[in-house]
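The data blocks that follow each hold one structure.
Okay, so subunit A shows up in both of these, paired with subunit B first and subunit C after.
This part shows the complex of A and B:
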């Protein structure tokens, strides 16, 4: 299946034989996956299956967890991100992440977005343009352009989440990881984020973890199903939802267990 | 078991389609008996079964609507819902055509023009195709579905033979035109019933393998 996908799209993230342990407990087992560039890849599976752990490997967020051990190879654009001499801060600039609960900084809307470019040394004049561009790309500009100096925490949950997406885009990543970005949002905000994700794949490669099966079906090009630390099946979203190869995938997406 | 109500609804859908299949089989069978024997009584009894078919069809539609709106079926479940909808439409047409056959027995006065030997065989093959396509649906057996659809060729061949025979009879003796026209209509109905059985078989292949095939 992965081979078939590779024929039509250029691989951006290549994972080979990835294993991960939290102390004694193995959380990921022999993961092989090739994620195509400028596409949306959804990762689904029951709680504790390893899908969040997996995307956290893609920008080395697991480095922050004590007793976490990673083996195997994760390459982005052909470069091993666990290799010697990799600057993790620089890596996370290229591989941004949006979390389940919107987490704006307790400062103004403007400063939330300007924060990243500032620490990366972008000059003050240029930052203004970056902020507007990021807010426009996140489909938030029209709603908040008249109160850009207001506290970010005064925004609604859906707006806060789009602000976090804008903040991620402001440092110009190539890849954006989404870990359950809509689970705390109402259906309208969810629809806006979904539209946004589909629009963003033109410029970014997107990997999204979701528990919402319909969401995965609606917005992704490729879907991977994780179960107990293994990647059971990875393929075109349409094929996964219409005619999966593996019985456990079918049982999961049709709600027969989980 | 999780999603118990959902699984019950899926099971109910399959059962309802099979019930509709069962009554379609009875209607086809009785219509053929009625037309061969010109049994007016049996034909009338057969016509009375139509409202039951309508009720079943309505029940299937409601179940499908509920499943789609409330349960969002996927993968094999989605294929079951889609094929149930299509199979229901085909069975309804089969019932309609069988009812037409029953009505022919009310129109022909006296005796048939000729013994209906090949026509009887056509009816038997169509009935067998209907029974087997429903069995293939019940057991999700794509091979049985393909084998069943292959029988359509025999029906088509017999259709042609009887058709030529009836045309020749009409050319020789215009007095038989009325009765022969009824028989032409009868064989046409049987030929269409066999085609709808092929459609059912296509739906069964799709249900079982996700493969879209043309079988007729």
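This part shows the complex of A and C:
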């Protein structure tokens, strides 16, 4: 099944020869990867391997870090996002991101979701519909529709994370990046987020960084294994987990290190 | 073993005694201030003090009306706040969010030095520079006006407002800012829609403390406001001389016979001032505690 998808899937994110330095220290080395549209791609690897750094190249969040230098090419829909004249603000509208720890703004649930559409000039009437749609898509509507004006911080951790996913979807991106979205959550909340991610791939291209190999195996179509700043192996999730090409991938997956 | 416990306990008690001392001092100040202040009401009814419109402490029919002094203080303070809050908050935003670290490190000590300048020096500067400037700009008989006092007090409240607001703004978790930027917000949208609202409680506390500093300031206002104990009109009175509560106490305390009604009236004014600043500080503290950041 996955092979069939790969054959027809269109590449949405294409990375060529990506190198990244924090000051003198090189954190990513010659990364080449092609991420297909409407799929879930999981990035795994031990702490400090560069997987989070890599994902932050895709919406240029690394721009916020001083002394961070990027070389190489990252194309989304054929457009080089590090090229001259690229509007980073516009890029982030198309490439959303959900963070490790839920980070709702200290405002009401409604205002959290409406924040994105408002700054992008969506008119007031339309926003209500956008908010409801986003909350429904994030499977949160039924739980909180009666208290949409209460503070977002009154929600549980898992609900807050789904709120953050809804908030990201309200901007209508094509790609959503997840940076270890479940690492601060309990197993039940984690399961809900995983279900959500799998449901979302029909509308979005999803790239998820995870520490949890079972999670990668459960939810992703493709898996990339990072080690010491290099992308060791990338392919169908099933193949990576059952029959990896590289020895180090196998060692990591079978728990010999990491 | 026993010996060490004994030593630990001794140190604990000594430190407790030292920190308890501040509470004792505050309590004693209250006691003496209110004791002497309340004695006024043996000579003068409470209502004629609190709602009296005239402060004629040395005439034959002495009148001890608080209102001219209270309004003088409030007018000067309100002016100071109007002037220093936008300036202070803008500086705080710049230092914590926009300036590159080198510039911020360069600016911060200056703000602290501003706080360390003695108030008489501010008064001197006001008298020599600002008073003539106000007189000429508005074509007045005297440049010693409420406005002059407001500007000086505004400058003096700036360090408090800047450093406490800056603290509040930079303690907003960076995860919130990143969340906003990741949604395609610009840096400025992030600042005014997420960062500043999230820091609003701290900023309010900063404003309160700046206000407390302004209303309690004595020397500078005495030197630049002209000290006329008349209820200022509003808003035109901002260009008239006024007399604040603090200036009144400082000006008259030296001349007054101990134990006289006038003496007690000054203590009563002091009590009112104390209550106002106490409430402002209490409020600032409550705001800070109530909304302290729970994320991160």
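Convention: the second predicted complex is superposed on the first by the 250 of 258 C-alpha atoms of A that agree within 3 Å, B and C clash if a C-alpha of one lies under 4 Å from a C-alpha of the other, contacts with A are read in each partner's own complex, and residues count from 1 in each chain.
By our rule, a residue touches a chain if its C-beta (ideal position, glycine included) is under 8 Å from a C-beta of that chain, and two chains touch if they have at least 3 such contacts.
Worth saying up front: this structure is predicted, and the values here are computed from it rather than measured.
Novice: So if we stack both complexes on subunit A, do subunit B and subunit C clash, or do they fit?
Specialist: fit
Novice: Once chain A of both complexes is superposed, is A:133 in touch with subunit B (first), subunit C (second), both, or neither?
Specialist: Neither subunit B nor subunit C is touched by A:133.
Novice: Once the two structures are placed together by chain A, how many degrees is the angle at subunit A between subunit B and subunit C, based on Cα centres and rounded to a multiple of 10?
Specialist: In the superposed arrangement it comes to 140 degrees.
Novice: Per the contact definition in the header, classify A:73: touching subunit B only (first), subunit C only (second), both, or neither.
Specialist: A:73 contacts neither subunit B nor subunit C.
Novice: Just to be sure I read the superposition right, which of the two partners does A:107 touch: subunit B = first, subunit C = second, or both, or neither?
Specialist: It touches subunit C, and subunit B stays clear.
Novice: Please indicate which partner A:211 is in contact with in the superposed arrangement: first for subunit B, second for subunit C, both, or neither.
Specialist: In the superposition, A:211 contacts neither subunit B nor subunit C.
Novice: Thinking of the overlay built on chain A, is A:253 touched by subunit B (first), by subunit C (second), by both, or by neither?
Specialist: The first partner, subunit B, only.
Novice: Of subunit B and subunit C, which one touches more residues of subunit A?
Specialist: It is C that touches the greater number of subunit A residues.
Novice: Touch test for A:243: subunit B only (first), subunit C only (second), both, or neither?
Specialist: After superposing on A, A:243 lies in contact with subunit B but is clear of subunit C.
Novice: Please work out how little space separates the C-alpha atoms of subunit B and subunit C at their nearest point after superposition, in whole Å.
Specialist: 32
Novice: I'd like to check the shared interface: which positions of subunit A are touched by both subunit B and subunit C across the two complexes?
Specialist: Subunit A residues touching both partners: none found.
Novice: Mind pulling up the subunit A residues that touch subunit B in the complex?
Specialist: 213-214, 217, 241-244, 249-250, 253-258
Novice: For subunit C, which residues are in contact with subunit A within the complex?
Specialist: Interface residues on subunit C, with respect to subunit A: 173, 175-176, 178-186, 189, 193-194, 197-198, 294-296.
Novice: Taking the touch rule as given, give the residues of subunit B at its contact with subunit A in the complex, in rising order.
Specialist: Those in contact with subunit A are residues 1-3, 6-7, 72-79, 210.
Novice: Quick one: in the complex, what on subunit A touches subunit C?
Specialist: Subunit A reaches subunit C through residues 59, 61, 64, 89-93, 96-97, 99, 101, 103-107, 115-116, 119-120, 153, 164, 167-168, 171.
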